[in-house]
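Structures follow.
Next come two complexes, and both contain chain A; in the first it sits with chain B, in the second with chain C.
The block that comes next holds the complex of A and B.
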């Protein structure tokens, strides 16, 4: 089977790269082993939230002081300035409406009731301009009885710092009786399914209106719109005061919806999405990757002019650690990480963990290195790249979006 | 929980390990007024940091006849009085090609003379009844080993002490000993919860502080020569073996693989450490190497089994009084009457021994206390069942049944953990039945029961009472749910967030030496959820 481009990995970067290439008329395939990090999407994409633990105000400006080895520096400031405009447009064309500015972070409220700086936020969620104030003084926090993945007391505790007078209310609905009977079924995706169709949302909105009487704002877990778009927006339209949604414990309902919409966009553009398939090995010739073999396709090789590796970090199995060594499991690429396994971890959980910085080694043009030599037609994008602790920086989604767009541009040149 | 606390008691017991809790139970059952004080939580020292092996005594049969005989006697007692804490798995002592098979007959003879029943098995038969065993074995002997949950055992003793009127104070650290001439009359405690000093008085103070007893004796002005020996263990992600697997040779490193609940564990190493390191237990890479290398010899399947956690405990070994070098170390029970030994009355130390002999240690200590207080009452702890185990219609087959199916996972698991006390956990209500921890089947009702009835101060205590966060995901999702429930009951949300951060750090400590493969994937995921999405930091509040 021959494609123009094959992308290994169907998460945020693989899909972004695939959509960009397909929009330009490329015949693309994505090989995806299954779920990705989008499944625990918080509702926001960060560009650069923190440097040395301090909130970043202007990410575009702050990027300039990052080390040369950082993926953003390797993409280049000029390219970044252009791509930060393009990324939300690409998402928008997929039906995902994000808002925010690259030169001025806004804030979102976390489930711990803490304001966190971020770049783009999907329209389900509320963007705040300040991190030291909450726009309302009287808030009601609502939760579904028996839903353990939204922690109202933590939200309440967080809002205390902003001098918000809060009240917590739990309520039951007959639609949830069946799932509540099974002790492990009352989870966010199952709640979302109830609201995806039928009249449950109307009844729910009425209930919210009753319970929120006398309050200025309603806080709810983000469990709206799994397979259906606009459920969260419809709810907001039906409720007679502002509704602030907060992420619940993963899987994330807006995350799964985003994944579905991105995939749909890619397929509508003519892309081929091999779900549940795993690339097992590659055939290299003269510093080029000629073809890959996958589990489902057996000896039918998948060939392409260019390949993109967007296989994610450790938890996506893009990088594997054994007791002795780190390796890239799919194509055996070079790793940018410490060879001494004693140095991978810091004994304090919340410290900057060295392993978080590890990834596949590339040259300045994001070509993967194998045995020290760049593979001319194999690019690397997203969190499988090393050079940054995306968790500490708040740069995970930014690196995924911008490196994959950058790589797509290299391919399109 | 402890209303109307008096300031004066017959006995104050220092230490909330199995020995302290057992002594509190024994004293309370004999009608004494008892106060038990513990600096952290129950079973946080060596009690909770071992194999959880219900020794048959066979391990000591050849080298230490007395310990072996004590073990088998206590083993049979625990099966009766604590059946909800015990799994009657039996054990195999296997001989591998590299071992000397002639040791087997010596071993069987020694077991016989200690009163331990043995059965020599054909290697083929052994492979059939224990499929996980190293197939290269050339000999196998079956013995009445088992598994015991030290957290549950200690808690049951503490609960029974409370039922008999004892007062229990966790988070209370002894910072001083009150003396009047040559008599100990009380203790000074620091209450870690309220950050305040308190004093309590008693006729007898019992030092049951395990390895920390060395320091407590210091505070009283007497010297006990203790030699801390670190023992490291690894917990595997599932239960590989049905029976306890031992090597049929003289006791050595990492030669016991014990199944327990949903997991199994291999241990231990043994290494002398300086006394100032006893609160700083870490498992080294070298320890992990030894444990894996030796563990795989017992059961080759361990090569491909994920390691969940590594931990280490400190054995309180006591040097004979005439041997300050510590060359002649006793592993037996050490009961010191400081009046006779040091001319200091009102103070005794009970130490040495093992988890298996905690009850006997408590009995010996309580006999001495009763003698000093001229109380003439017999020990009944070997006959009377612990709370949770008292009903004879609670068959062991149910307690050890490990097949969790259907909607009542949580009820079955709760019964497993709390025995007949599970009846105090409400059920039937959809909300209360909701699962907090999917790996271990812990429901809201069980968490609430533990918070209300089992002296839970924080998430880490809750883990010991219910197994929340002890399973494969190591608290990835359930920690937050449990923290929220804890927060509901304490109404201190800020503290609950700190608690959550501490819980994650505590889990991390156990994962650090073994974090590779799936372990590193899981921890990265956990970090993204708690720090990335939730924005949790160690210094939130």
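The block that comes next holds the complex of A and C.
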């Protein structure tokens, strides 16, 4: 089966790359071994949140002092400045409305009640300009009775620091009685499905209006709009106080909606998305990857002119560590990481862990290396690239979005 | 030699310990969405397995609400065989004996043989409302369901009478696993398959004796019988694939999925020697075309707007691309993609009175898509999806092979390889 481009990995990086290529008329396929980490999406994409533990105000400026091995430096500051404008536009064309600036982080309120710097935030959530104040003084935190994935006390504790007077209220509605019968399944996605399919929203909004009397703002878990768009916006229109949504424990409702819309956009552009399939091996010829073989398609190999590896980091098994070795499991590519397993960990858990910087080794053009030699038509993008501790920096989504756009541009050249 | 220190204790052959509790599977479970009595794939599968290994009394009969659609497995980022874990738990721990009704529904072979023999009598009788109400009351087969019509002449009989003698005229050969539906209910699909394969230059042969793949036996808890039939079929496949070097193709996505994957995973019947060469006809044809060994020529006047529905087992196999790619090759086809959703029937599941509501609830998003698609008809590879969609929408459903047979210019196709 022949395509122009094949992308291994169907997460944020793979989909961004696939959409960009398909928008330029390429016949693309994505092979995804299951649903992706977008299901854990907080609602915001970070570009660069922290350096050495300090909040970053202007990510575009701060990027310049990152080490040369950092993916942003390898993409190049000039390219980054251009791609940060393009990324939200690409998301917008998929029906995902994000707001924010690359040269000035804004803040979002986390479910721990802390203000966190970020780059782009989806329109479900509220953007704050300051991290040392909360715009309202009296807030009500509302939760669905029986919903265990929204930890109201954390939010209350967090808001105390901003001198906000809060009250927690739980409420029940008959529409949720059915899902409550099954306590392990009283989850944000199941609550969202009730709002998606019925007319529970009106009654719910009325209830919110009653319960929020005497308060300036309403805080709610983000359980609105799984398969249907605009449920969160409709809710905000019906409630007569400002509504601040907070992420609940994953799977994330805005995340799944984002995944669905990105995949839909890719498929509408003619892309093929192979879900639940695994690339088992590649056929290499003269430093080129000619075809890959998957579990589902067996002897019918998938061929392409260019391939992109966007298989994720440790969690997604894009790279794997055993007691003995560190390796890239799909194509046996070279790893940028220490061979001595003693050096993988810092015994202080909260320190910058060395293994977090590990990834697939590439040349300056983002071609994967195998046995020290670059594979001419195999590019690497997203968190499978080494060179950054995305968790410490708050740079994971930025690296995924911008390296995949950059790689797509290399392919389109 | 030193004695082994640790004996395996409470160990399991499946990979439930790979589950990281992300709960993504529950998002895509079609049953959970409409029936909160079902504990959901994570709870029923890997979570429950942990408990059942300790004490089998943790087994819960609500696991029977699982459709075995495997959409949880397709969604799982960590490759946990959630559907298999649930099915195996049912096989291992369920103490409830299958009812008479379950045996009737599961024994597609025996019931099919009897019913097709008396087709002119059986068809009108089972379609009668009083009879359906009686079946509903006595057997708990939902009265909304209309049994698929039984054919007067079975496919095997037709094949022996009208097709068998011509098959040796070809240089290349395949065997055809037609399955119960083609044999007893819808021989036309089998005839269409013979037409296409002959046009492609392949003689089509029947297996020495095929038995029902057993999918309905498995889902109704008749495991011993299913295992017996599985072993029989693997031997019959071997005679074709290993002895005669003839691959086996089928037109039923569920039969082929069961034979390839459920035999080893659920029944413990080894199929290594036959698995790779047991596949769907659409995949077989796609491979020939993709590798330049075959060109199909289509009639110029064939014009249809068609929506393709991906059956759950096709989603799991990842093979709907073969059917859709073939359909898209027909120049006169205006192709509509449907979002892949379960139709809700799941073989015999939806026939049971207690599942009727769940079954229709699961299928509703699909029915709505089909109704609003403004197509001439829908296409799908699964026979029970076809019944369900035809019962629940105003559209007819055709198998991709039948569509190809209708649109194919046989003469022009044959000319290309006869040269």
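We take it that the second predicted complex is superposed on the first by the 413 of 413 C-alpha atoms of A that agree within 3 Å, B and C clash if a C-alpha of one lies under 4 Å from a C-alpha of the other, contacts with A are read in each partner's own complex, and residues count from 1 in each chain.
Here is the rule we use: contacts are C-beta pairs under 8 Å (C-beta built on N, C-alpha and C of every residue); 3 or more make two chains touch, one makes a residue touch a chain.
No experiment lies behind these values; they were computed from the predicted model shown.
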Chain B versus chain C as contact partner of A:154, first or second or both or neither: first
Partner chain in contact with A:216 - chain B first, chain C second, else both or neither: neither
Chain B versus chain C as contact partner of A:300, first or second or both or neither: second
First, second, both or neither for A:348, with chain B first and chain C second: first
Chain A residues touched - chain C or chain B, whichever exceeds: B
Partner chain in contact with A:250 - chain B first, chain C second, else both or neither: both
Contacts of A:272 with chain B and chain C, given as first, second, both or neither: second
Touched partner set for A:391, first chain B, second chain C, both or neither: first
Partner chain in contact with A:182 - chain B first, chain C second, else both or neither: both
Contacts of A:39 with chain B and chain C, given as first, second, both or neither: second
Set intersection of chain A contacts, chain C complex versus chain B complex: 37, 40, 181-182, 184, 250, 317
For the chain A and chain C complex, residues of the former touching the latter: 1-2, 33-37, 39-40, 178-179, 181-182, 184-185, 187, 189-190, 193, 226, 250-251, 256, 267, 272, 274-278, 294, 296-300, 316-317
Chain C residues within the chain A interface of the complex: 22-24, 26-28, 32-33, 36-40, 42-43, 47, 73-79, 276, 283, 286-287, 290, 315-319, 321, 337
Contacting residues of chain B [partner chain A, same complex]: 285, 407, 409-410, 430-431, 433-436, 438, 443-444, 477, 480-481, 483-484, 487-488, 493-494, 496-497, 501, 504-505, 507-509, 512, 515-517, 520-522, 524-525, 527-529, 531-538, 540
For the chain A and chain B complex, residues of the former touching the latter: 37, 40, 42, 110-112, 114, 116, 145-146, 148-149, 151-154, 156-157, 177, 180-184, 186, 247, 249-250, 313-315, 317, 320-323, 341-342, 344-345, 347-350, 353, 355-356, 391, 394, 396
